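One structure, as structure tokens, below. Some questions next.
The letters A, B, C, D, E and F name the chains in turn, as written, and every chain counts its residues from 1.
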Amino acid sequence: MAKTVAAFGEVMMRLQVPGYDLLSQASTLNYSFSGSGVNVVSALTRYGHTGYLVSRLPANPVGDAAVTYLLKLGIAPTYLMKGGNYVGMYFLENGFGVRPSRVTYSNRQESSFNTAPEGTYDFDSIAKPMDAIHFCGITLAMNDGVRKQMKELAQAVKQQGGLVVFDCNYRPSLWGEGGYEKAKPHYEDMLELADIVMMNEKDAMFTLGMTTTQESRQAQLEELIPEVARRFDISVVAGTHRSINGDNTHSLKGFMYKKHTFTYANPLSFSVYDRIGAGDAFTSGIIHGELEGFDTEQTVAFASAAGMLAHTVVGDTPMSSERDIFRAMSESARDVER
Amino acid sequence: MAKTVAAFGEVMMRLQVPGYDLLSQASTLNYSFSGSGVNVVSALTRYGHTGYLVSRLPANPVGDAAVTYLLKLGIAPTYLMKGGNYVGMYFLENGFGVRPSRVTYSNRQESSFNTAPEGTYDFDSIAKPMDAIHFCGITLAMNDGVRKQMKELAQAVKQQGGLVVFDCNYRPSLWGEGGYEKAKPHYEDMLELADIVMMNEKDAMFTLGMTTTQESRQAQLEELIPEVARRFDISVVAGTHRSINGDNTHSLKGFMYKKHTFTYANPLSFSVYDRIGAGDAFTSGIIHGELEGFDTEQTVAFASAAGMLAHTVVGDTPMSSERDIFRAMSESARDVER
Amino acid sequence: MAKTVAAFGEVMMRLQVPGYDLLSQASTLNYSFSGSGVNVVSALTRYGHTGYLVSRLPANPVGDAAVTYLLKLGIAPTYLMKGGNYVGMYFLENGFGVRPSRVTYSNRQESSFNTAPEGTYDFDSIAKPMDAIHFCGITLAMNDGVRKQMKELAQAVKQQGGLVVFDCNYRPSLWGEGGYEKAKPHYEDMLELADIVMMNEKDAMFTLGMTTTQESRQAQLEELIPEVARRFDISVVAGTHRSINGDNTHSLKGFMYKKHTFTYANPLSFSVYDRIGAGDAFTSGIIHGELEGFDTEQTVAFASAAGMLAHTVVGDTPMSSERDIFRAMSESARDVER
Amino acid sequence: MAKTVAAFGEVMMRLQVPGYDLLSQASTLNYSFSGSGVNVVSALTRYGHTGYLVSRLPANPVGDAAVTYLLKLGIAPTYLMKGGNYVGMYFLENGFGVRPSRVTYSNRQESSFNTAPEGTYDFDSIAKPMDAIHFCGITLAMNDGVRKQMKELAQAVKQQGGLVVFDCNYRPSLWGEGGYEKAKPHYEDMLELADIVMMNEKDAMFTLGMTTTQESRQAQLEELIPEVARRFDISVVAGTHRSINGDNTHSLKGFMYKKHTFTYANPLSFSVYDRIGAGDAFTSGIIHGELEGFDTEQTVAFASAAGMLAHTVVGDTPMSSERDIFRAMSESARDVER
Amino acid sequence: MAKTVAAFGEVMMRLQVPGYDLLSQASTLNYSFSGSGVNVVSALTRYGHTGYLVSRLPANPVGDAAVTYLLKLGIAPTYLMKGGNYVGMYFLENGFGVRPSRVTYSNRQESSFNTAPEGTYDFDSIAKPMDAIHFCGITLAMNDGVRKQMKELAQAVKQQGGLVVFDCNYRPSLWGEGGYEKAKPHYEDMLELADIVMMNEKDAMFTLGMTTTQESRQAQLEELIPEVARRFDISVVAGTHRSINGDNTHSLKGFMYKKHTFTYANPLSFSVYDRIGAGDAFTSGIIHGELEGFDTEQTVAFASAAGMLAHTVVGDTPMSSERDIFRAMSESARDVER
Amino acid sequence: MAKTVAAFGEVMMRLQVPGYDLLSQASTLNYSFSGSGVNVVSALTRYGHTGYLVSRLPANPVGDAAVTYLLKLGIAPTYLMKGGNYVGMYFLENGFGVRPSRVTYSNRQESSFNTAPEGTYDFDSIAKPMDAIHFCGITLAMNDGVRKQMKELAQAVKQQGGLVVFDCNYRPSLWGEGGYEKAKPHYEDMLELADIVMMNEKDAMFTLGMTTTQESRQAQLEELIPEVARRFDISVVAGTHRSINGDNTHSLKGFMYKKHTFTYANPLSFSVYDRIGAGDAFTSGIIHGELEGFDTEQTVAFASAAGMLAHTVVGDTPMSSERDIFRAMSESARDVER
């Protein structure tokens, strides 16, 4: 049954060099608009839910282009506030084989979202209809104003009985030196408020400062995640382990911890066309499974297949329907559909 | 020695989304014109034969663009009749890795070809110079008018002493529910008229309703094809077995049954750039071998290499010369030619 | 104040040859989705209204692309029904100077919209919230099923107290020979239901069969339009006179007849980038003026400026905001805005 | 009635910078193949004639691309010989307004055409079916080998009773210093052989060294052309006077001298999209009129309209049908055709 | 004789929507790098001088792309310092006819140039070889740090005996409310240091607060500019009066005040392809004339023709050689150069 | 520490069909300018050296575009002489999988470089500042004039104490039949002059006519190269062994012979995007290592990684910085850098 979901987060303009050229070789860029929250909510609208983004954009041609793009992604514009002057941007140069892709950010601290004054959003009325809302650790890295808004909105949704989803998504370059210490209290605040958390053992160790004597990733995971869930009273913790293979394919192994039990998806290996945003597709799958009451096996398999398909699609934002994902769960590589 | 060949069939407009975008992401399409008969005849002109297409196109800018495209493919325009209003179209979205390609058809029942009234074509004069003519099961799926024309033209060419080639090419989506029963009598009519038939064991089982207790594809093939050849008095039956490998390469194993003997080509494995039309390249190789009097081993190896190369070229229509194919038969992956 | 508006009409896929190439010269097409109703409603959403399209699209990749495009245009998807198999298409080749542009249609009679069975739309619930609804003579030319739906929906909106807008838009090629006679009763039905009608003296003479001894366009207009308004009890009749100048600029003179009085806009002359859909921009301006309670001078000036700006924008669908149009009403050609 | 026509001439590869960039700004080129003879013959095939090009191209991918392009233009490949190594090329940078377009040639003396050895072409068998053949002063500027072939072929066609058409087309940069003296004897040879000649008063003065005391172009024309026609026994002399207007439009006034009488077309003024090859369109119109037996007024009007339309089409080669040209003769600038 | 010139200023990234699409319609952008100083110096290198830019760019892929672009423009990289994080950007949407072009800036206060700390540049060693250096009022609008650097560098060049060029170029949007008062003391400082000043009567009235009772632009100019020149001891004051004509062509009238005398260029009218940066082309012409010792008439005619040609070339940066400009001074619109 | 380096060689225009189309399928080309010397010097400027090219280009738009491109590649224009008429060109069609890439040359014997008369270059002043200079066997294949210039310049640099680098790079198609015999004396002359030589065992056997009874490539190498080094008194001989794997990846094993010892790099395997010019990247790495005084292990590892990365970048010319290459030496395939 269709639910009402939202995300709180920044809209970024992605400026991508076409093909495999470097920025100093090319003369054109492809642009689109995305963001962790954009990606998760847009994916959820493709599964049939009604999706909102709570954000702020400038009243100028760049802001208009962002709104138009979000409409195209199926996002309702109700909570897109107008104000400020800038949209955060990043440049993407595609890697090839042994040459990695590169992302270069423009100044996002001055963006309309990151400079939104108090009172920009009416959190109570936004929270009222929400069955679930998504937050992301990237937003937490921005500044005090945004952190305050983020926590207030999470609080408001929680009070109304909506699910609070938090994706840890720690980005070292955003927090700078000594970042883990700066980040820790804010992460703890969000974990206190969250019902569903996207994280793995690295977040527990680095951001929360937990320790383990285990050596394998899985053993570390299985020791630390239950502890986190207990400490912060989180119903669902989910995430993936990614590895990059010698032939440039990626492998993804999804997991989900719920009711004291770990469930693992079958590991998936696949060629990658556009890696950015694939984690958000996984998140959207976990949220969808929880909203729809899938059993745990189905949820983590659905989320993993959603993540896998997102690697095969152009752009940050997942484009698969629920039907596409179910089909991918049951099939192997196939010939043309005609 | 150059021969005169023709095909009877529809010209379709292919509208392809560039790169790996979906139709709902992109804003441009690449277009070209093709069709099973177009592909086979164009390939044969590249081997040095004179090639015609017997078809009907509208006298409007879309029809003119189709004619121009066929000219570019080396096809003589003599038997391209003018009339009707529409060209059949299909949209192609390229898959990537685990995400399959998708084909979406426009309405082709109303196309100039499929609405050609009786008397559109002068079959006797068309048949007169032909050394061989190609028909395809896709055309057989269209409607009674087209089926009647197809059989009349096959009859006329057979009477003049030309070779009749029939590619079974059963497409379930075109025949709809209960399709095999509807299709069977028409397939039997064409098999009665044909000298060279492209088919494999599945056609025998599903379309002709034959049964076998064998379990492997090859054993089924070797039981059923000789039976078909005998029953319909067919000199050559040829086809391929395709498999899709874990690393997204395809493997193709060509076979040919002639004078009570099966000949198999060495299986070929290769990366795929554009899969559509590759079967027609294989067919063109079988026809060329038969017209030129190649021995069976050479014919099936040539057809397989033609099929393989067609997977590496943009568009439905094969672009390789006879020399390109002979080189591919004798060589492995190589460095730049300079 | 924001109102709720809708249009009933077909969504067409526009396939445009880039630049000034002919279809037989090029190899790529730009595509978008439009339609008279799409254009009018999308323009109205840019002026701040909530806009719906009442239509039907196939549940396949082409239909999905159409829905995505309408979302991007700001149109709410609530009344876009799913069903049928095809989207109507047209090819556009841009003219240059003395060489006119050419439009070639694909078969639209088989489109999802034109084959929608009875019961596809729930007219009463659609009509309930509507302050205004737009219909177009192009739809009237399609077939009996569509005509019936069109009149039922107009009736339903009228009963709920919404404004019915009808744009005569007679297209000779769609009605065929003897078209005026076939069209007349249907036009009369729609005129009986309409509050605002887009037409000029030619519609009165050719479609309604009225006669006049006047010779100039303006005299004919001023004799016939009041008669039409009286006979069908129409509050507003509006339209334009277009002329094409020697230097390839176009001139447009908008008029509006309301409360027994003609009001004319100042004639506008301008260079043309994309002429298609500009009439719909004019219509959107008239509707906006009436919904907002502009005085007659302002309404017809606003509509004319909206029409003029639509000639300078890529695509069928107007892209100007209310502010852009007001600015164009008050200014002449200007330097870069920076 | 369809006639059989040919041209003798080089095929050039045109490498055009897209839009209005300079070669040192851009990174892509559009390419096509053309040539004076290509343009004239291709235009004639659009009017319904069968057209050949007598030329020589290398047996490599560039030569193959040229042949494919000529096929697309409707030219029969029968007399396209294979041999040599290179195709002549030129780069085109589009001017804008006061900035003129620029053409830069690659080395064409080494092209397959310009290095064709004696015996490359079988002139007698080529000449046999020809109703008319076209030659151009550009070819005459190449080298002794080509000049000899040109004159032999003209002789052969004349003997068979075909019309010999010669377009003077003197290009100063190809003949170098003292060019008029070098060129004169060769021009005289061709004029002796020609039935239809494209030239104007400047050719008479500069290439043939004739003198006049008249000052206006028209008076010079009317004094010199009859003298040329008498001296070389030419049935038809035709040409144009071009002027470039202040608003960047061009004006063209076509003339034709036949049976001791000058006939002038109405001067045409128009915007220019692609100026190159427009003279060849005019020539094709004169040849068509003569082959079809149009009266003189109709021929020169048809040729002028053909020339005008060629300025509005991308590429060197005219793309208009006979019907397009007749329509342009009877109409002024018009709205979209739909 | 080749001189050594420099400019001090920011490098901006220009992100331009191709064709006439809006940013909310398109999906690709063309990018380049420019700036008032970049444009002037690059133009001067095309006239044969050695040119430097004194600026600061980040050590990341965007900064690298900027440096590469400046190299391509002929600018020596010696004084391009590395540091900071961002490059200022602006988006450009091309207008068409009555619809004006739009420029939207990203946040440039945080750019590498605008955040360069004291000591970034070694002004004395930079100043030493310079025959002339260019500054611009846009830079003056940035912040105190940049203003200080600008004045120090001007001082250093003046002391070494180099010419100081200052282009007033007041941009209201950069100074904000009450901008003229804020700007005045800084403009006065720069005028004190300058030898050549680009300005017109509006700068005198608005920025310097001078008054006049004259009404025509020319009379105001002729009253105020001599006063400015005297007061600040400036040898050359030059500028243009631009008007936009009804047919979208622009007219430009250049003037130059030197040794108590006004010299005017013939007014030029022309079609405009890319208006941005054309003022810098005019400036480059004035500097070139002064460096080369042209007489006043020649200098102002050369500068005007340079400005005119810059309107016909893609991008902000002039691309004409000295020879192109001399040719444009002596000729009217011409046919293809071949 | 930054050194001063140069190369002597031709600048070629590369005209590449985009994607995987054949030249007879496409209509656009991407162009760039390169050459063995261009590639080596440009790579060295990315490592921080100052780089020159000694060559000759025409004073026309094609020559201007070449100069602009070389500037963009970081090459100083001081020794680019102006003269002659043509730039050598080659067409590149990308292969896919089993279909090899194809290179087709235009006539380069007539290029500005290959027709440079004696006295074009002032070798003594060019040689003076050079720490190293690069020559290539491709240039040696051109003609006597160029060979003479090449040897004179090598002599001049050697006398000034600069390093002479010679890359054997024997191209059979350039020398024609009996090429090895023709080439041998010229290769011997260059080897006498060279300090660093790029070659492997095949050059020793085929070009120098040496023999060996060894069978493996490595054993042949280790027998022949020391002999060559001794005979011609060469300090460093380096090169690679390339193999193409079944999955279309390439493997590269770099070697370096110095002070009587062979050093081998770890073999590298990688996917290939653009193979052309990768050998020049390896060469640039060897030169850089020698100029910077790297130890042998580091030099050959650096050169190999430079070669590997060049296969992943668009165009002939390497684009990696020293830092990129060091990172590639220490890392395996990685996720996005952000």
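FYI, contacts are C-beta pairs under 8 Å (C-beta built on N, C-alpha and C of every residue); 3 or more make two chains touch, one makes a residue touch a chain.
Which chain is which protein? Per UniProt: A, B, C, D, E, F = Sugar kinase.
These figures come from a predicted structure and were not determined experimentally.
K.L.:
With contacts counted as defined, which of the two, A-C or A-F, has more C-beta pairs across the interface?
P.N.:
Counting C-beta pairs in contact for A-C and A-F gives the edge to A-F.
K.L.:
When the CA atoms of subunit B (Sugar kinase) are placed over those of subunit C (Sugar kinase), what is the turn angle between 0 and 180 degrees, to the nearest 5?
P.N.:
Value: 180 degrees, nearest 5.
K.L.:
Between subunit E (Sugar kinase) and subunit F (Sugar kinase), what is the gap in Å from one C-alpha centre to the other?
P.N.:
42
K.L.:
Indicate the whole-number Å distance between the mean C-alpha point of subunit D (Sugar kinase) and the mean C-alpha point of subunit E (Sugar kinase).
P.N.:
46
K.L.:
Could you tell me which residues belong to subunit B (Sugar kinase) and also touch two or more other chains?
P.N.:
Subunit B (Sugar kinase), residues with two or more chain partners: 22, 24, 27, 68-69, 102, 247.
K.L.:
Under the stated contact criterion, what part of subunit B (Sugar kinase) meets subunit A (Sugar kinase) in this complex?
P.N.:
Counting only subunit B (Sugar kinase), the residues touching subunit A (Sugar kinase) are 19-22, 24-25, 90, 95-103, 105, 171, 173, 242, 244, 246-248, 275-276.
K.L.:
Note which residues of subunit F (Sugar kinase) are touching subunit A (Sugar kinase) in the complex, please.
P.N.:
Residues 247, 270-273, 308-309, 311-315, 319, 328, 332-338.
K.L.:
Can you name the residues of subunit A (Sugar kinase) that touch subunit C (Sugar kinase) in the complex?
P.N.:
By the definition above, subunit A (Sugar kinase) touches subunit C (Sugar kinase) via 68-69, 71-72, 74.
K.L.:
Residue numbers of subunit D (Sugar kinase) touching subunit F (Sugar kinase) in their complex, please.
P.N.:
Residues of subunit D (Sugar kinase) touching subunit F (Sugar kinase): 15, 18, 22-24, 27-32, 60-62, 64-65, 67-69, 85-86, 89, 91, 93, 102, 104, 106-107, 110.
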